[in-house]
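Look for chain A in each of the two complexes below; its partner is chain B in the first and chain C in the second.
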Partner chain A sequence: MFFHITLERNMQLHPRHFGPHLRDKLVAKLMKDVEGTCSGRHGFVVAITGVEDIGKGLIREGTGFVTFPVKYQAVVFRPFKGEILEAVVTMVNKMGFFAEAGPVQIFVSNHLIPDDMEFQSGDMPNYTTSDGSVKIQKDSEVRLKIIGTRVDATEIFCIGTIKDDFLGVINDPGAAA
Partner chain B sequence: MAEKGGNGSPLPRGKAAAALKQGSLKGNNSSTMEESTHIEIDSSDSELEGFVEEKVPTSLNANEKSSAEQKSGKKKVSFGSLKSSGKASFDIPTAKGNLGKGGKGFNVGKASGKGNIPEATPIKPLVTEAELKLELELPKGARLLMDCEAAEVLQEIQGHMTVLSDDPKIKMPEPFSKALQYAKINAHYTNVQSVRQVLETLKQNGVTDGEICMIGNIDPETLDEVYALIPSLKTNKHKNEGAIADVLASLANFRTSN
Partner chain C sequence: MSLEPFNRLVKLAARAFYDDVTIKGENQPKTGRGDNRGMAVIVLDALTRRQWVREEDLAKALKLHTKQLRRALRFFEEEKLVTREHRKESAKGAKIFNAAIAATGDSQQGTKEGDEKMKMHMHSYCCLDYAQIHDVVRYRMHRMKKKIKDELDSRNTIQEYICPNCGRRYSAFDALQLVSMDDEYFHCENCNGELVAESDKLAAEEMGDGDDNARRRRREKLKDMLQKMEEQLKPLVLQLARVKDLPAPEFGNLQAWEARAHAAAQASGDSNAGDSSKNPQAQGYSGTPMPFLGETRVEVALSGVEAKEEIELDTKPTSIKVLPPWMIKQGMNLTKEQRGEVKPDVKVEQSSFSVDEKKSNMDKEDEKSLQDEYLKAYYAALVKRQEEQEASKKVPQDVELAKNVSEAPFERHVGMKSKREGDNDDVEWEEEAPSTGNSGQSYRLADLNVEADASDHDDDEDGIDWEEG
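== the complex of A and B ==
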């Protein structure tokens, strides 16, 4: 789910950047440091939308660096347990399949795939129903529910299920039109 | 950080955001319910890593997920745990993760301490699906964005970035591109402001921001779908059923063709 939140960060700036364009350099450094990162609390910082405030700089003892407290607004993406997402399948194997929803990876174990779907190996491994009417393969779009999340330093990884009502394949790229 | 030891066993630093009552069903009958130590741990740290144990509803009917529920009624974020990393400082103080019922809930309550004593936890009448209420622990001033709203914002940012950036070395970060693509694909509506206005009317019927956002993202067609995918709405079904039905009818007008 996307959020628009205000975050705060202490930015350190080398004295060589001091001058009339100090603020611009600070903002550029902020964007470079923060955009695309992932934190456990807020999820993926997708984009910075604005800088709200830059506080007074504090010279650090022993070095010439100056620390500025910067308050900024950003769009973040963070999955939650219980959330329903539409994801694109990236890989299928006998343990289940991997899907991506934005920057987040989701794994759906074969235990959380409906029992009537079986794994079919081959050039294009997939899960197919017994009558062949529904197929999950690479690039299929599926609606799934997040049932668990795990946060590493730089990414969020989720576990999902398609075993409940109204979950499963939305769009199968391999289906004949 | 304060360590909270239950039963004298040392706990690792815990920032688990849950008061946990884990029902360990090991060797316990369904009818046996014991009180577990109720411990609440704040999750205010941004260094939350690894899995955070969830609150497990000790209703032994819950056979799908073992999410502990909280006694105090305070809202906490719960993340299902897959496993605890070594650094994971959340922890279940007393009961082990309830794996008795299939263990699918990824609630491997793993206190790294050895002194964990699995205890059966009292069954709480709260529905299992209360866990799915998306108890979002948002920082102050946070605003939930539906996918269609996020798509608009991100497209605007992308427009600015391409205009302002003459430096070919500056590229969009990968999460940005992925998030933009995801938001665009899942933007189901033509008129985002109208959709937001329509959905905001549900607040009067006790629907939370998270639930409103979910309805906007899912783009459901029927009431059954809404209640199946957002079970937390069932608790106030008598209150919100009519309003949600009206909203679904209105949203159909804003749906895009894809």
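== the complex of A and C ==
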């Protein structure tokens, strides 16, 4: 799920940036530092939409670096248990398949794949129904439900299932090509 | 449009899902003095006998505190069983509602006088939302089943993997680290052995592990629960299936309903005022208010029959305490308490028959079959009577005839009827038209076992009536 929230961060700025464009430099550094990171609490920071407030800088003794408390707004993405996501399959093996929804890695184990789909090994490993009408392989797009998340300080990993109503392949790369 | 199947659905659902619901306020301590479990069922039951009803009236009828009832209704509103409407209204507004109530054949004593004094008060009305109830119950059943089935299929459990070599366990969360580029299996981080999914192993060689035991027990329990659920909710499922293709009774919102009821009353060609002012006295407290739609009453509108029907309605609720259908089991004898309890409440009009009544009371201690017989005889007499009425409007002879046909408890009705007829003219009969639908209904309610028969019987009777009328 996406959220638009206000976050805070203490930015350390090198003295060489002190000058007329201090603020711009600070914001640029903030974006570089923060966007794409993941915190267990808030999820992935997708984008910074604005800087609300930059507090008074504090010069660190010895180094000359200045610490600014910065308040900024950001779009974050955090997967939840029970959430339905659309994801792109990245790898298929006998144990199941891996998919990505943006920055999040999702693993769907083979017992969470409908029973009528069977693993076909080969050049392009895939899961296929007996009549061959539905095929899950690399680059397929699937709609899945998250049934578990493991949130580390810097990483979020999810377990998904497609064994439920309205879940499964939503487009077939083979058919589109 | 028949309410009966839907009412039955509501009643079954109430007993299935709301039987042990305690309704209390948020700030009320858990150990409140009143354990009001079961109240939910009573309120729902009462609502099945009404359409739109003012909450105060309902509270009075149920002898509940308004606050308590409101809390219950709020709960039902959240459960999407009940629609409520609040509006500010003066005494006049209340009167409109009363008129509508009266038009549907209902009469609530005591509210009339009170209303005159009220000045722009907030009034709340409530009504069952049958269409939504149908959906809600279906959805609830679906969710229940799905939840258990999901757990049985271990659909939402995280897969675990075991290394058969070193016994190390992994969960699916570690999957990313376990993938090997060489083949399609997961490999142990320690010994690089191929991992086995735990459930596969479980199926292969039933391990005697304590953990697994617990899991198996849980599975057993779930299976058991699912089976029990299917078994115990079977009546509800059947009723759902029965109701599926029927159009749900739709009362519309309060205004629409009032307007409709009013219009229907006008159409039936009598004055509301007369009806509502007369009925309270006639019905007394014992009369169960059963407002029905205008359509229902149009069904049987034969002149001459109505008066009789009306009498039956009058006596029904008093002579037989209506037992809900699910309470009556095969071979169950209806005792005096169940039928005769309300007896002393009979109307003032009938006071002259009190002696007869005592007698009939005793008679009624008999089995249900007597009751059926009585009804049959009653209908027979009804037909006969109507015939004769067509020929001549002379009453007393008819009574004698009817008396011969009918059983002892029946005498009273005939006698009373003749008296009434002496008093009232044709206009009176027409006015009673709404109650015809009621009598059939209450009869069916009273006797589940012969439900199908009863309705057939009714239909037959109707057919005859029409032909002859």
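Here is the rule we go by: the second predicted complex is superposed on the first by the 171 of 177 C-alpha atoms of A that agree within 3 Å, B and C clash if a C-alpha of one lies under 4 Å from a C-alpha of the other, contacts with A are read in each partner's own complex, and residues count from 1 in each chain.
The working rule: contacts are C-beta pairs under 8 Å (C-beta built on N, C-alpha and C of every residue); 3 or more make two chains touch, one makes a residue touch a chain.
Everything numeric here is computed off the predicted structure, so don't read it as measured data.
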item: Contacts of A:94 with chain B and chain C, given as first, second, both or neither; value: second
item: Which superposed partner A:164 touches (first chain B, second chain C, both, neither); value: both
item: Chain B versus chain C as contact partner of A:49, first or second or both or neither; value: first
item: First (chain B), second (chain C), both or neither touched by A:40; value: first
item: Touched partner set for A:135, first chain B, second chain C, both or neither; value: neither
item: Which superposed partner A:147 touches (first chain B, second chain C, both, neither); value: both
item: Partner chain(s) touched by A:125 [first = chain B, second = chain C, both, neither]; value: second
item: Which partner reaches more residues of chain A (counting touched residues only), chain B or chain C; value: B
item: Residues on chain A lying within both footprints (that of chain B and that of chain C); value: 111-112, 147-148, 150, 159, 164
item: Complex interface listing, chain A residues touching chain C; value: 91, 93-96, 98, 105, 107, 109-112, 119, 121, 125, 147-148, 150, 157, 159, 161, 163-164
item: Chain A-touching residues of chain B, taken from the complex the two chains share; value: 45-51, 54, 65, 67, 77-82, 104-106, 131-134, 136, 138-139, 141-147, 149-150, 153-154, 157, 173-176, 178-183, 185-186, 210, 213-214, 217-218, 220, 225, 228-230, 232
item: List of chain A residues in touch with chain B within their complex; value: 1-7, 35-36, 38-42, 44-47, 49, 75, 77, 80-86, 100-103, 111-112, 141, 143, 145, 147-153, 159, 164-167
item: Contact footprint of chain A on chain C as seen in their complex; value: 153-159, 172-173, 175-176, 179, 184-186, 195, 197, 199
